């Protein structure tokens, strides 16, 4: 009897562990439904990266439903960037999903292990770049011109800095931005460079310091990094990381902040000016609609502010400099029309020289770009050759405080 | 000197399960007197005193103080009645100072170092011993720790002091110092009880001696009116006939030669002092002695488990050649082909693994015989089954955990395993302690069987009656030294009892 | 120079969190109980402490909330959460005599779950970040010492620019030290932890002392979790930020050699080690090394203290062992 109980307990525990690998959620089945999978690195609770995807998921579903397409989602949460991702992809595929979106950069290699075995299912790796160029027709990449949003945020920041200079709070040379970055690769570099350029376009004396924390989400490290930057004289904080702690740290230090992925004005009303985010509903809507119509989207998809793929959150008018909203709208319009090129090569230098040449893509996997000339028509064309950012130049005016990871 | 009765114990009985530790004991303790409480192991001395100290409660009987019955339910109660006990294993906090230990638990006083030190000094001066209240316990010698314990008791105002085997760990000089202190206390009108079995000290220090035997009270005599022989007689009683079969082996050959064996424990106390004897194959050599006379160290040092300071232990094989065993680990001893088996006193601690079954415990001896890294389970399983059958071990299966078996069956498993290895030397320590009559006889027969197969058997036991009927010769240890080796068929119980308490026995009395 | 001062000030912020965790655990361990559930307790403290203040604010409205009252409510809520969790631990190990390590680890898992559940529950209910208003935030996190003290060169920033919790922690550390060394009850508690049989024979109530030490110790540790949320995490519930902090506190207990006064500078040291990689750059040391430094330092301390065999620097002798009066 005792052995039986032990056996029963072991079986129960094994079974429950199978389900412990991320939870699934399935909407009730309707007729004419298309099943789509979404595999997430976090869950809504992060109020950041994955939350953003969930919002996109909801909005896209509503929009498609209004057009008569009923989407049934199978969502997996809290999947690690490791072999559990392989299992997640397989499980979702086995549930007859026709499309599977993987939402994190680090999912791609694992997703690509599963994709060949399900040639009739489309696998999408968001924010990464290998799928669009591999031999498989059912793998895709997608990203958005987030650098545009960052540029606009930079403009808002720059205007605030101008206000601080004109009010005598800081001198022109003390207009220093502190950036809390995650890792030192292209996506992050592209982000903070465009942010810097946006600020510089209105505040010529601005400089920037970047601190890398080595993780997409580490609340304590981000808070400490923001504080360290503040201690070193930064008066504006921005971030490429998931927590709200840089915002609250900025407020504690009495300086200002712009955010990412979500509106942070509610937690730091005295500091957070605005945030920028990708609106994934645009992509989801396009992709699913095309699929239902029997068409395929581009294997590499990237759109910008023009198509509403990149959005700004609501401006915190209580603390923003006067005239910010108007200027913002202007800049957005100019970017959309192409009048402003974010990475205009006349606007920045690397080691004192203008950039005339840079390769965009890395085709042989050695993490050094080797094809596709990105510099033409007087600007570095980011996200032109592939959706995932590839800007890695370290431009003058930006100092790296540590180089991590 | 006021010698009125401080405490009177009447008809005290205490049982632990089936065992009757104290059987209707009467005892009077007088003020201004030193009383020795004398008896063999298991006679019930410590149990009786623990009831005065509030650690146990009597099942029957009563305790009277100054004629009025009292109840002592905890050590605190005992102190309230002026009774304080100094245990064999000191109850001190190592990292505290002497002063802190002395006042530990006294709620009604403030922690004022000055007044504490003053009071301690007053006590020390009165009875003339010396301690430094600010000294840490871990820096103290054993004798100093004992002094702290005594002061602790006096500080709480005890009038009746009980000391349990106080001289067990003291050097002769320290013993003298202690006795001087005790004299001072007696002069001060305090009642002192010493639990001991060292006859010479009893003669030296006490005014009266009370003797217990096997839980019963035998009597109290004035020290001035008795002598060690009479006391021994009271302690061991008359011989009891047991009817154990004792055949004689024709030609015993020497198997184990021990010469000048000396061992010192980790606290620096000499446990064995120049022990020499020869154990012969075909003979059961009994080892008698009061507990703590060195029996444990003797068996363990022979089997390689205890460090040997001096001396030699040699095994004489079938070819007559001697092999020196001192300095080898048990594994090495086994590898050299010396067949030695040891049934230790601590059955479930040292001898068997409690949570394993019979088979698992058989494997403890033979685990190296498996192929490569795998265990060979078959032969231990067969052996377990064999023992199960032959010795009639009561257990549901060979995988039933041994710690859940009754004591007798545990011993059968242990002895069975050791015998199965077909040793040339078989050593057993208190093999029938706690066993019922039938199982005890089974064990005696097993040992006798081994003896008739030519094995040299060493039997450490405490029951003199058994030793006299089972063994061929008896070696008596006293304080780590050999007090004498006698022929069991002709020795008397009194003789052996005497040798146990006095080195050299009658000749040195 | 100012960089070093800034480093110290930032280290203190995180160090305060550790100090509470460590002081609580020191108290528990002095009684012989090894409570490995500190991680879970701190999570619970963080969640319940914030929940207490948050609900208070919702109840009276942001405008009329009193900073002082909010702090008190947060402390009490956090303490209560930690105390109850430790009561469970105490019951299982003291009365039921289960293995302390296993129970403590179970408490870690349980406490982390409860804490995260509570935080997320609140967040889902609010539909947004669980955060306190600016006004309360300032009360919790801002320096409380008057400006003129803060302006003293060098020392001003180092000593006087911290939140109220740092000062509470320091006072608590000093109080604990005095308790252990100068009071009778403190001495009895130490006796319980060193040699329960001796204390028992002296008439001390072992069970009572162990329970009280465990419960109060757990409550104090939980306050640490709350302090994290209201200082480092900016009064916003964060579900992953506390991870690892409890273990750091356990390591710090060993580093401090079970002495409360050591916890004051020890916690600042650990805090500094955690954030050094952001402020101090030695070229040839990879960033990852900085983050394991606190643990490496603890191991070194353990090795040295065992080697030197100094009796004063050992853990309480009966740490981790359950006590029961043996009956023959």
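The letters A, B and C name the chains in turn, as written, and every chain counts its residues from 1.
Here is the rule we go by: a contact is a pair of C-beta atoms (placed from the backbone, for glycine too) under 8 Å apart; a residue touches a chain by one contact, two chains touch by 3 or more.
Quantities reported herein were computed from a predicted structural model and do not represent experimental measurements.
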item: Busiest interface, counted in C-beta pairs; value: A-C
item: From chain A, the most remote chain by mean C-alpha position; value: B
item: Separation of chain A from chain C, taking each centre as the mean of its C-alpha atoms, in whole Å; value: 36
item: Computed distance of Cα centres, chain B from chain A, in Å; value: 77
item: Centroid distance [mean C-alpha coordinates] between chain C and chain B, Å; value: 49
item: Interface hub residues of chain B, defined as touching at least two other chains; value: none
item: Interface residues, chain C side, partner chain A - complex; value: 2-3, 6, 9-10, 13-14, 120, 123, 128-129, 131, 134, 137, 141-142, 232-236, 238-241, 274-275, 277-279, 281, 287-288
item: Residues of chain B touching chain C in the complex; value: 16, 74-76, 79, 91-96, 100-101, 104-105, 107, 110-111, 136, 138
item: Touching residues on chain C, where the partner in the complex is chain B; value: 182-184, 187-188, 190-191, 194-195, 197-199, 201-204, 311-312, 314, 317, 328
item: Of all residues in chain A, those that touch chain C in their complex; value: 45-47, 211, 213-214, 217-221, 223-225, 227-228, 231-232, 243-245, 247-249, 251-252, 266-270, 401-402, 404-405
